[in-house]
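Same chain, two partners: chain A is paired with chain B first, then with chain C.
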Partner chain A sequence: MRDTPLSNCERRFLLKAIEEKKRLDGRQTYDYRNIKISFGTDYGCCIVELGRTRVLGQVSCELVPPKDSRPTEGIMFFNLELSPMASPAFEPNRQSELLVMLNRQLERCLRNSKCIDTESLCVVSGEKVWQIRVDVHVLNHDGNLMDAASIAAISALSHFRRPDVAIQGRDITVFSPEERDPIPLSIYHMPICVSFAFFLQGSYLLVDPCEREERVKDGLLVIAMNKHREICSIQSSGGIMLLKDQVLRCSKIASVKVSEITELINKALENDRKIRKEGGKFGFAESMPKERITTLKRDEAPVEMTDVKETANEIVNRTETPTEAVSSPVLVAMGTAQVGEGIVNSWGLDEDEEDEPQTEDTKTGSVDCEHTIYLKSTKPCKQK
Partner chain B sequence: MLFLHFYCENKSFSRSRKYTNTGRSRCFLAMDTIHACFKEKIGEVLLPGDVFSFRLSESGDGSIKTEKIICGPGLRRNGEEVQVCKSGILRHKQPNMYWIDSQQRRYVPAKGESVIGIVTAKSGDIFKVDVGGSEQASLSYLAFEGATKRNRPNVQVGDLVYGQFTIANKDMEPELVCIDSCGRANGMGVFGADGLLFKVSLGLVRRLLAPQSEIIKDLEKIFPFELVVGMNGRVWVKAKTVQQTLIVTNLLETCENMTSQQRQTLFKRVAEGFL
Partner chain C sequence: MIQNCLKQRFEHTSQLLRFCHFQLGFKSFSFSVLPMTVCPQLLQTDTIEKPAVCVIYPYCSRSKSLHDRAVINCQYSMATFSTAERKRRPHGDRKSSEMSLHLKQTFEAAVLTELYPRSQIDIYVKILQADGGNYSACVNAATLALVDAGIPMRDYVCACTAGFVEDTPLADLCHAEESGGGTSLALALLPRSGNIALLQMDARLHQDHLDALIEAAMTACKGLSKVLDGVVRQHLEEVSVLTRD
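Presenting the complex of A and B:
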């Protein structure tokens, strides 16, 4: 099936909205969507929801002979798949650029950062090692697959338990989960990717772009970082020129976001551990709220409604009859003014629109926070 | 919407399965019996496979009157029976129209419907337009007001067009035109230099296009805006500022599953937040 094309008016509107620092779902420039992490009944299975983007990560293991060049290390294998149910643009068995890019970035982020201790996966040196396989499936594509995939992969790896082994001489005994408790993997740190989309030749950037914003972007910068502020990988695509201070600013934003996300992952892991220990019910079915077929729950999207300029105009024109959508009152005759549409020439609207963005920026706090991150660099900025 | 005309002989009728003919129906006049079968289920949720069957009963009245019942979307005639083929609520419109009101987002092109399409390709004499169906529709460049072979319309790839289907069935590629039968544009054609296009469910679109739409009336009170509604679920909105456009978009997307009471309280809150 073909994907719906993006019309020119949507593209223009999105770019205009970005210039005015507005996003379709009411987020601020540096805001992430709601992240929800849930674990399944098996160890190593996790679903991450980033807004409407859903990604499933599954970890499994098996005993294999090691590589010749590294006889004492275990093997990690990463695989990301774009399921056709995620988007009409994804066709099965088609090697697209996006798929290649996602796979490479996931490998770079997790393998080269050495977040997993592969030496601990060795059972008998030169003969048997554990091969850990991470499969990431994209279930729904609403933008920013890279971040969701990296969160799913690292959460699944942290959640996974491998079977216990005992070695006696040359005999290896692998215990089933009932005989002996399975052992978690030894993970040094959690690298998480943060995506920045650039628009209009690099003048505007957005964190966590949704699908429509991704379609109009000029370039993408992905920074993989852990909570100790160590950069694991940086990748820039799209061919845009980035200035040094832009990249520095992005890395500072990324460190803030990564520490928040790492906290969220740890909390989810802790909750799951607690429920399993207490013997309560766990798994995907329990983590979903009870939904009835007759009701539909929508996430609340914050939409900015207050308009500073218009409240000011209202106060100024209190003697006149107030109407909705004040732009600027037109004095028709002495003592009467017209406010809003009507005989006002619509060509004159262009000037009014340019006035709006300046006043609206002061209402949000985003301008201040930007500076905070840039200058102070240690305090995380809580946006509201 | 497709409507099937269903003529039936009226002796005495009963329904099979769970809709068995109760004693009440037989007391009605012969002419109203068939309506009674439907009337019991108006406003109830029906599932595909439910059947209204009309069979002759032993005690014939002798008077044969033919009734006309119009089966709308979701109902299908199967010989002597009417089968439900979509899940939803049974609705009725006087005097004799019945249909199933269901939630659906996937659009199937139907002749005569006006839709918003996105031009994807220009090839020779026709434009290929994406309307959200399984196939792309074709739009001839002569199907615009005042277009001749020398005077081609100014349509680029990625533009929005509002047009009507002249051909739309399951066997052929759908065809759009942007003029009516008199050759006038009548509001159709290329539009949308600014503004935002988004997708909603088909049920909401039908509610917006109803003659006295409450949603539109409530929305007008907040601030002025331009609105184009296509029956394929696509809606185009333009207001004076980007923020107002985003507000209208969000309001329309959320009022899909609200009762009118909830919607009015929400709109009132928005209007107050604005003033």
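Presenting the complex of A and C:
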């Protein structure tokens, strides 16, 4: 199903608000929405909520033969899926540009930065290695899928435990979780993507755009960093023109945001670990508060509302009264009437062409004219 | 071994661009005779060869046409013999789709699309031999193709890669340097205004080195734009001499 197009007045409103440094939900320019990370009962499953954007990350592993060019390294496979569940604009089984971009960015952010020690995933060199597969599913799309997906992926990878293996000669024994405790993956660092949306030819930027803001953006800059201030990947998209100092400024903002988010992830992991050790209940069902009716409840948006009445009154008093609308058609001749004035002819005809003798056939009876639109009557008329 | 090679390279020059040889196309129909313009370009740098072809159609499929601008389509593909191992899927995989997307975005920013409403400009790039810097060579080849086609652009779009090895920025990386695990940054620049049309960086780099790296890439692009300009002028002279006789 095609997405409803954004109306012009909504677009203008959003851009005007951005010019005045205001956002729809009352955030500041560099503020993130509330991030909530919850883990499931299995190791390696996590849901990230960034405002109303929800993303599920799941990690699984399998023993496979390694690639020929790298016999001692494990394999990492990333997959991001957009289903119509996330937004009616996503069609099932269609390779859209957004999907390609998100997948490639996730791969570059996590694989090229070598955040996981792939050598430790080797079981028998040249024969069996662990293949770690990260699946990210978007459950709800409310803007900024990239950041949510990267947080989900890295949280799921940090939470995941792979089965223990024992090698005796040529025999490999894989222990189930009941026999031996599964082992966590060795993660060097946590790369997290931060998205910057640019508006109005690059003069304004916003961090963490929501879905409406994303629709009016000119372009996007995604910077993936870790908390040690190392940049893991930069990608600019959307055909905007950037200046070097804009990029440098964005990287400084990103480093601040990334350290906050990394702390959040670590805290969530720590909480989960504590609950599991104490034997308490864990999982998605526990992370949802039970006693509240959640469907009709909306969080309050932190928008300044004290002077709304005065500003509204001012605006109403300042505007002029709307012009009278012409309602009745004007009868020009028998068979033709005119309603309103047409727009200027944009076909670029010169003035001279119009003065030439018009030798069109009388049957059609229409003449190109600059300012008026003629309505033809239903029965064919002989004269113009 | 790679470390030694790299050390040698930046002992001599750390900012030198590899020798580039641009060869402009041999066929280009004039605009008024045919409804479409085709101009193949062969871009040959020291080790990479890429032909780029640019086609402009005065009409476009209904679903994709824009009422006020031209639509730019790019298709990027690699010949199966271009890399060391035979490529089994030359186009349609994720990397090629991403490359095509990036090329499209770069040129949408640079070409004056408002002058061709409801039209379509196709850019096809095929890599014959890959030795690092695929994206940059594609952008340069496509720029020359567009110039040869006579499509108005804001400025030459020049692209170059830059890397960071042992605290020294290197410009224009080759395949060994790129896959050696160091940082690589690809930058597409409009030299006169200094606007960055596309910025893409992989692998880890400390934030403090970013400035130096971007600066190195920008200097290399500016040098490249002079080379491109010289080639275009030379080609124009030759063509005007031939057509005069």
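Just so we're on the same page, the second predicted complex is superposed on the first by the 298 of 384 C-alpha atoms of A that agree within 3 Å, B and C clash if a C-alpha of one lies under 4 Å from a C-alpha of the other, contacts with A are read in each partner's own complex, and residues count from 1 in each chain.
In the analysis below, contacts are C-beta pairs under 8 Å (C-beta built on N, C-alpha and C of every residue); 3 or more make two chains touch, one makes a residue touch a chain.
In this text, all values refer to a predicted model and were calculated from it rather than measured experimentally.
**Q** Just checking: does A:G238 make contact with chain B only, chain C only, both, or neither of them? Give me first, second, both or neither.
**A** second
**Q** In the superposed arrangement, does A:K22 touch chain B (first), chain C (second), both or neither?
**A** Only chain B; A:K22 stays clear of chain C.
**Q** Kindly classify A:V332 by the partners it touches after superposition: chain B alone (first), chain C alone (second), both, or neither?
**A** Neither partner.
**Q** Output check: A:N112 vs chain B and chain C. Expected answer is one of first, second, both, neither. What do you get?
**A** The second partner, chain C, only.
**Q** Just to be sure I read the superposition right, which of the two partners does A:T4 touch: chain B = first, chain C = second, or both, or neither?
**A** In the superposed model, A:T4 contacts chain B only, not chain C.
**Q** May I ask you to decide whether A:I187 touches chain B, chain C, both, or neither, giving the answer as first, second, both or neither?
**A** Neither chain B nor chain C is touched by A:I187.
**Q** With the two structures laid over each other on chain A, which partner does A:M85 touch: chain B (first), chain C (second), both, or neither?
**A** Neither chain B nor chain C is touched by A:M85.
**Q** Of all the chain A residues, which ones make contact with chain B and with chain C?
**A** none
**Q** Under the stated contact criterion, what part of chain A meets chain B in this complex?
**A** Touch residues, chain A against chain B: 1-2, 4-13, 16-17, 20, 22, 24, 26, 296, 298, 301, 303-307, 310-311, 314, 322, 324-325, 327, 340-341, 349, 352-353, 356, 360.
**Q** Tell me, which parts of chain C touch chain A in their complex?
**A** 85, 94-95, 97-98, 101-102, 105-106, 108-109, 185, 190, 193-208, 210-211, 214-215, 218
**Q** With touch defined as at the start, can you tell me which chain B residues reach chain A in the complex?
**A** 118, 120, 130, 132, 134, 136, 156, 158-160, 192-197, 221-224, 236, 239-247, 249-250, 254, 257, 270-271, 273-275
**Q** Would you mind writing out the residues of chain A in touch with chain C in their complex?
**A** Residues in contact with chain C: 69, 95, 97, 100-101, 103-104, 107-108, 112-114, 221, 225, 229-244, 247-248, 251-252, 255.
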